[in-house]
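Structure provided below as structure tokens; questions to follow.
Order as written gives the chain letters A, B, C and D; numbering starts at 1 within each chain.
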Amino acid sequence: MPPIPEWLRLRRDKSVQPEDASLWQKCPRCNEMLYRKDVAANQWVCTRCGYHFRMHAYDRINALVDGDFVEIGTEILPGDPLAWTDKRPYPAKLEADREKSKLTEAVVTGFATLDGFPVALGVMDFNFRGGTMGTVVGERIANLLEEARRRRLPCIIFTASGGARMEEGMLALMQMAKTTQAVERFMENGNPFITVLTDPTTGGVSASFAFQADIIIAEAKAAIGFAGRRVIEQTIRQKLPENFQTAEFLLEKGHIDMVVERHDLRATLVRMLDYAVDRRRLTPALKAVPEFALQ
Amino acid sequence: MPPIPEWLRLRRDKSVQPEDASLWQKCPRCNEMLYRKDVAANQWVCTRCGYHFRMHAYDRINALVDGDFVEIGTEILPGDPLAWTDKRPYPAKLEADREKSKLTEAVVTGFATLDGFPVALGVMDFNFRGGTMGTVVGERIANLLEEARRRRLPCIIFTASGGARMEEGMLALMQMAKTTQAVERFMENGNPFITVLTDPTTGGVSASFAFQADIIIAEAKAAIGFAGRRVIEQTIRQKLPENFQTAEFLLEKGHIDMVVERHDLRATLVRMLDYAVDRRRLTPALKAVPEFALQ
Amino acid sequence: MNVIVEREKSLVELEARLAQLRERDTASGELRALETKVEELRRDMFGRLSAWERVNMARHPKRPLASDYLAALDAFDELHGDRHFRDDPALAGGFAKLRGRRVMVLAQQKGSDTKENVRRNFGMVSPEGYRKAKRLMELASRLRLPIVSFVDTSGADPGIGSEERAQSEAIASCLLALTRAEVPIVATIVGEGGSGGALAIALADHVIMAENAVYSVASPEGCAAILWGDAARAPEAAERLRLTSADLNTFGIVDEIVAEPLGGAHRNGPAFVQKMLDAVDGALSRLDGLSGETLREARYMKYRRIGAWRDETGERAVALP
Amino acid sequence: MNVIVEREKSLVELEARLAQLRERDTASGELRALETKVEELRRDMFGRLSAWERVNMARHPKRPLASDYLAALDAFDELHGDRHFRDDPALAGGFAKLRGRRVMVLAQQKGSDTKENVRRNFGMVSPEGYRKAKRLMELASRLRLPIVSFVDTSGADPGIGSEERAQSEAIASCLLALTRAEVPIVATIVGEGGSGGALAIALADHVIMAENAVYSVASPEGCAAILWGDAARAPEAAERLRLTSADLNTFGIVDEIVAEPLGGAHRNGPAFVQKMLDAVDGALSRLDGLSGETLREARYMKYRRIGAWRDETGERAVALP
């Protein structure tokens, strides 16, 4: 087996406990006080009512992949091109989010196998700047798609985003164009692009790669839309119905392929790969050794 | 100029007067008694209220083309594959329609120039079996598109049809597939396909080449839809609003590019050709001699 | 009133009797005599069906539905929605495994009871259903998955909403998508094949038809209403429309017929469904490995040839196959 | 309240006086003195505009609208509809001739009065509008016509209907269509460029911006509301967002700026419109004759480079242009 290239750094079963982690967590739906470890062990699904808590990117990755996750893109870090300050300077906000989330930015990208299928995997995280897309998110997503294309791997991206990142102004908006172009080029080689929309997916992420995928899966109860709920309510000057912009609402309206409970996600993704990926392309050797490791 | 090939027969300014032509014609909208010659001279538009009478294919061609119309496809004539009889045998119906309409089938196809632009032109006629599409209509339309493709000409088709021709059963339905494939192949070479939907355009014609065009123009007030008005009323058991399935209704609903009055059709088509056809492809010689005559 | 269902009622008593006898005795003379009689009756009743009888067979309430075919696949995962407006339950589509083969499946879905039928609009597809189908055809072509369709519809939905949302354009776009698809396409007509609404998912490299399915340019009732102003003359219209599998095979419109058990597919639904899936698998095997270009060219020529017309000398220029 | 309009009011009296003097006398000392004064005032007022002032300039009620650009083309024939659901008057598209060149034009249309604004939804485009745009982008690519867009919108429509009909998907599909287009694309930001709703028709080979137009990731009001819970702090937000033509040119997002007359484009609308069309024509001339492949590759690289990030050593790895 050839050595893993220099620029690929290995992370094995990285599990994250936020600093402010307390022992107990209250479920916002059923109000049950839950033992935090139990919830974590249950993929952050309420053990009583099935409520889906937002999930940390690494927790998600751990729950999905067979073994190793080879992360790429960590050398791409946010700048401060607008020298932005509001209540605090942008760099200070970034630093705080890094501390809080243990993430270097709002998306984690890399390679892994799912039930033996090598995939390029991107997971956004709402804990970092509300999952907003600035240059780094655009850059890492575009890189991921480009590397997936080069290695002829399917690509799966979990979205969670409040939209474009205001603190990077129009440079953030342009990431919609950058990621779109990467998606389009990726699609040329006949491998599937799958997105999993998690709570919440809105704005610039929703209006670019999230809705450009071949297969669009939404996690149960996730809020998904273009405009935020508040903006719409201000525009129409009335309350929106409860189910508006939920995954289930979108399924009925034909926007997405399916709604899946978190516990079924891995199995569903593996089935999708099994349908959409031509296994004959993988030589016996590559089945044992993840293709991405061969460069 | 090379000789016109054997299989092309020239028709020059062929004008048709149906046998039952009387001197006067009543306008169904304004009830005015109109002198038939005046109406004919006015492209079968009521000289008082602008009502559009249904128009004979050759009258339409005369009103459109610069000079000659080179008809093709007249050797393709209807058979009777189902040995169909209802009140009368199918061949007798065909014979009666031939007499009445002076047409060999429900579509006339050929080549002409419009303000100097060589085009492949098809015109359907409701006077022949209600413009229904049987094998001959499918065959002539497919031929027209194939010849237009071979000669790199734009293609314009005027539709008027009650749908697929029942008397040819499933052979008629299959013409939807045949014409679709010809449209798709035609589109490969970058010339525009334009349809003009005239009253009425429904059923199998509507659900195939009529709505597959690059530019879809509807003649003012034309009735256009998939299901016939009567079928829908029977299904929903109530009267439909007056404007339902009109050209104007479809424009609002986004189905078509524009609604054009008959008197503006020629000018509109010429403008469309001027936008959509690359004149540089036409050499100076070809500008004088219609390209189609060169084989 | 379904003429086949009515006829079956007359057999019910005899069959009950037969079952009774069989319980008591497995080889008595009486049993054998009755068995022979039932068999003969059955042959009389179903041995040679008219076009109208086949229409009723195709609409038989116990006939296997698209959902039965989907359930019999190795695996099926439904993909929903047109991405714009609505998910149409009248047309199901998604990834499937068929005899181990990865395919994209499209199926017109009638319901098996009233509630289900209302939800699925009696299998009459709306523009959203056709747009979902088109999306999945394009996805299949991109991922190089063969397309398999199950046709069972009285026709495309003729409602106000469907007209408002451009039913014609939706069907026309499906036809274009199937024309463009660079993968094998196998269509099966398993029940009713109602006009353009059926063809929209049945333009295919290989068309398989259940023996007693029907596939028609217009419904017999509609045809009779137009011709004679009398929908009751539907049996006569059915005869004239040449809508049976044998007729359509002669015309080159249907490539293969899957025989049904005496009395219709519903006499042994599961076995018939398997037989149909075998036929699909066989067709896919034969189309396997052909390039997109080859498939498209053959598809073009196939439909280019269908039809019958004369030239000016009065002779038939393009013959029936 | 538009700060530019308010400011212009203070000039009205002086200008009336100036006109009066000019009528009586063409060279008096008083006239020349007043002319100088007005000129100086104007320079003071409009010579160096803040970001917020430019926002108000971009929203000025007399600013040339997309309809003015369309009217100034050699010819324009509108093509309507998304082919599925509705024709959206907030986005006009169609064939045009621009300096003799055949092009496909897309334009976000605000109205020039209240009635027109209601009809055109204040230039806020619905999914149907973006789907029409996508259709016309694909048609342009097929017919090999360059695409020219005029951007002027506060943003994509945020209504219930637009969400129900998948606004995100509509914008995302426009972006894909522009990525795929095998023809030159020139976008002009002529008024307000509101976020993703603007970008949907502005992913281009060459982006031209009117000097006082603005193009922003979020509206200053929305940004202020989010940051400080106070929309009144919009001027401050405008400054931070770096939404002016000069800023965006520095970032490599805007390729060319068309200068406006002192006081804004509306001071001489027709001349400014012509100047903008000249710039478009110039850009198209430069893109003329490039292959689809070349265009797409250059477009890819253009957007691939936009952004600013650091590597782990703390230094900027991808520099601003």
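Heads up, the rule we're going with is that contacts are C-beta pairs under 8 Å (C-beta built on N, C-alpha and C of every residue); 3 or more make two chains touch, one makes a residue touch a chain.
This one's a predicted model, so the numbers in the text were calculated from it and none came from an experiment.
Asks: Kindly list the shared contact partners of chain A and chain B, in label order.
Replies: Joint contacts, listed by label: C, D.
Asks: Count the C-beta contact pairs for A-C and for A-D, then tell me which is higher.
Replies: So, comparing the two chain pairs, more contacts are at A-D.
Asks: How far is the middle of chain B from the middle of chain D, if each middle is the mean of its Cα atoms, in Å?
Replies: Computed from C-alpha means, the inter-chain centre distance equals 42 Å.
Asks: Averaging over Cα atoms per chain, report the distance between chain B and chain C in Å.
Replies: 33
Asks: When you check chain B against every other chain, which residues touch at least two of them?
Replies: 211, 253-255
Asks: Hey, what residues on chain D touch two or more of the other chains?
Replies: Only 83-85, 165-166, 169 qualify.
Asks: So how do the chains connect up here, line, ring, star, complete, or something else (other)?
Replies: other
Asks: If we use the touch criterion from the header, which chain pairs count as touching?
Replies: Every pair of chains in contact is listed here: A-C, A-D, B-C, B-D, C-D.
Asks: In their complex, what parts of chain C are in touch with chain B?
Replies: 156, 158-160, 162-169, 171-173, 175-176, 179-180, 195-196, 199-200, 203, 215-218, 222-223, 226-228, 240-243, 247-248, 251, 253, 299-300, 303-304, 306-312, 316-318, 320
Asks: Within the complex, which stretch of chain B touches chain C?
Replies: Of all residues in chain B, those touching chain C are 74-79, 81-82, 84-87, 134-136, 138-139, 142, 164-166, 168-178, 180-185, 203-204, 206-212, 224-227, 231-232, 235-236, 240, 244-245, 250, 253-255.
Asks: Quick check on the complex: what are the chain D residues that touch chain B?
Replies: Touch residues, chain D against chain B: 75, 77-88, 95-97, 102, 128, 132, 139, 142-145.
Asks: Enumerate the contact residues on chain B facing chain D in the complex.
Replies: 187, 190, 192, 211, 214-215, 251-258, 268, 271-272, 274-276, 278
Asks: Taking the complex as given, what residues does chain D use to touch chain C?
Replies: Within the complex, chain D contacts chain C at residues 83-85, 127, 131, 165-166, 169-170.
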